[in-house]
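Two complexes, one shared chain (subunit A), two partners (subunit B, subunit C).
Then we have the complex of A and B:
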């Protein structure tokens, strides 16, 4: 219980990051390392699949904020999909939907990346 | 809505380690459920308490992992109160406004979000420095009748 897992898949040159479990101050460094690794590898199209994300605190939200500017500088983006309502609520309180594109499902988000490229 | 259990008094003491946050969330969630909150409110309270403890570990204790945090839960009528006590650096709450995300992005500044979340999630958030040099955060949530 309360564990956190990250899996990365690649589809059409987009990195799909599956988050599972609890993203808090304890687990955020793992997510941060994953994002840093993708950036180091110059993989700037990142789709975060939140389907199995059970929990997020500001420590997790901070990771999204830490990298978005750099990623956009290289014409990439972080887009989010499959966000459970309780996770969306936290994003919404902080006004994140103004900064990040959030899609109902992975396919919609993928299409947005593909249209752009 | 009626409270299921209107007389809750509970106490938890943890070491200042982020891995204990899950223990804190479970402790608070179980009591909030027992008091009669719905799932959405339980999640909000647990997140607010997580944010308070995260701030204490990061700022009051500057990431030292051998300090203590004490959490007291109590209820009265329709009010659910969480008091969180630490013995670290005192915190002077400035008036924290809704974070300016653009500003945050420019400065890579991750601070301030937790405090804003706490204030958004709870009905009342109060800080005080007690006589014996401990800091206290009080988080209060009302159960809507």
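Then we have the complex of A and C:
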């Protein structure tokens, strides 16, 4: 099994969350805690880099949905980037691209954040 | 019956004893002026005390604490001294005249006093004998009873050997027996196991009491010498009882003297002994705890408490690795700032604990994890980094820290502190380590138990949810002339919340719904049943798939939690015209296979519960397509797409579409079986990870 790992970087006031491995019902709570922690620290500009994400289940998708409302209320956003095609497909089927901004690479997403602020 | 016999025995013994006493008294009165005493006098005197012996024996209650018996003996000694002294002070007119070796009382009062003093001293000596027995029998060994029997036989022999002797005369055999008794007393008195087990405080008390016993019975022995008038009181009455009494006094003097000395010798080690005893008992308690305590919190608080007590420490606390605690529900939401969590602390606050570590150059825990060895800090001041010192209170002067290890990994650290420098020694460290080991096992155990309970609960919930899901799915597939419908459903244990249903909205229109509820277990089953309710009630009211989904989203959003959603495809097929209307709420697109092409039908849409009505309405499209005679529609869930082979490759959309393309001309049931066997071929018996649902519709036209 592909172990799940989360890393957080900060760049120009944007929190870049690197996800790696399997994000499923077992690992989703960890991701949830990370998101909750960022919100607690009032860090509302969040960029999730999915480059090394090898699988995402509905529990994993649920984490994005759980926080988006609150983050947008504080004028922040969750943007996604660097999705492998297979992962993008999962997001796409569920209609994520209609609600979330998904970019090909990190820079694009970062620029969007910067432009806004 | 037995009670009556016992009581009768008591009364009879007392009656006999008193009768013989009176007979003895009368013999003395009658033979007041005799030059030699008749033999039967001695026999009656001895019989008096023999029956008293039996009387006391029946009534005796054994006392298992030697120190208490010692106190009782002391009190008796003091009472006897008081009575004796009172007798001499009160200047009562009693006296004996010596004639050869015989004693002749000067008046009848002397006879009376002689008999009563003998009664008191003799009975007291018998009671003392039983008191001695209790002490003697403490931590009884095989030879204990034998030794005591020897002493008793020697006593009896001395008494018998003194029969029919003149009070001031003495026989060689009596002297030899007396000597033997003294010798045995010495030998047997060296076995005093009870002293070793006394606490230090009790040892000090024992020294005091044995000393006083020794003194008081020495005094009594002196008072009752055969040269004194008081001694003659008993000698006159019965030389046998006199010897018996002297032997008892002698034994007590010897025994208390030896006890006194040996307790003094044990005193220097008393502290160490006390500590070892408490270590043993707390280790014992701890191992009991391992098997008994399921409550994790109680367990950890006992660990700190016992450590505090045994090491006589000022404060103690226990840290546990958070990942280790994660499986425990209560600690699931811990913040992840440091790896360790102070789970139990006594006499110290968590702030103080933090301060202690901040004032050190290296964190204690880091040192332990690095060395995998206990730490002992004898002088905390020397270790402190002055520049970092934020005023740790002076409570902590010395400290020990020992690791808790499970499967070669340090998952916790146990600490204890004292307010004096050099407060801990190697012993403390050893015992704390022993505690830590025991605690590690106990904590590991309680964790495993909790895990297995949790697993059990999960298994039960899963099977319950699975039962619910099976009931919610249609039990029968509708039989309709113009269309062939086949469904396949395979539940998975881990995840799963697939749902599908059919319903004739009116004469011509068939509604089909397929969906996947996120989450698992009971909550998924709950949303599923809600979905079924929505479907059954709304599909007739909202014939347009989009309207249906918008309305369903409204209802579902009200009850579903933020993290969950339902993906759904809703379609209506007019069986007359072949007009298919379909809307998709984040679910896998359906496949339409026809003469011209086989393709995915994928209207836009987001999952139910992912957005409010306005948003949902904006994103969800409805598509209308015309299907032809013999066309095939395939509905499915992502369990098929994500079914993976051993090396992790998913079955995927391309394979599915290809399989449908190759087989669409077959009957619905054949198409279904082809797809399932194709998926099975791909996964090659890898267990399914998610529910798999597949619905095939084949329309034959009017």
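Please note the rule applied: the second predicted complex is superposed on the first by the 117 of 117 C-alpha atoms of A that agree within 3 Å, B and C clash if a C-alpha of one lies under 4 Å from a C-alpha of the other, contacts with A are read in each partner's own complex, and residues count from 1 in each chain.
Throughout what follows, contacts are C-beta pairs under 8 Å (C-beta built on N, C-alpha and C of every residue); 3 or more make two chains touch, one makes a residue touch a chain.
Everything numeric here is computed off the predicted structure, so don't read it as measured data.
Contact with neither subunit B nor subunit C is seen for A:5 once the two complexes are overlaid on the shared chain. Shared-chain residue A:66: touches subunit B and subunit C both. Shared-chain residue A:33: touches subunit C; no touch with subunit B.
Looking at the shared chain after the overlay, A:58 reaches both subunit B and subunit C.
In the overlay built on the shared chain, the residue A:22 is in contact with subunit B alone; subunit C does not reach it.
In the superposition on chain A, A:75 contacts neither subunit B nor subunit C.
Looking at the shared chain after the overlay, A:93 reaches both subunit B and subunit C. Annotation: subunit A residues 25, 57-59, 61-62, 65-66, 69, 86, 89-90, 93-96, 98-99 touch subunit B in one complex and subunit C in the other. Looking at the complex, you find that subunit A touches subunit B at residues 1-2, 22, 24-26, 55, 57-59, 61-62, 65-66, 68-69, 86, 89-90, 93-96, 98-99.
Contact residues on subunit B toward subunit A in their complex (touch as defined above): 18-19, 21-22, 25-26, 39-40, 43, 47, 50-51, 54, 57-58, 98-99, 101, 104-106, 108, 110, 113-114, 116-117, 120-121. For subunit C in complex with subunit A, the residues that touch the partner chain are 332-333, 335-336, 494-495, 516, 518-520, 562-565, 567, 585-589, 604-607, 609-611, 615, 619, 638, 650, 653. Of all residues in subunit A, those touching subunit C in their complex are 25, 29, 32-33, 37, 57-59, 61-63, 65-66, 69, 86, 89-90, 93-96, 98-99.
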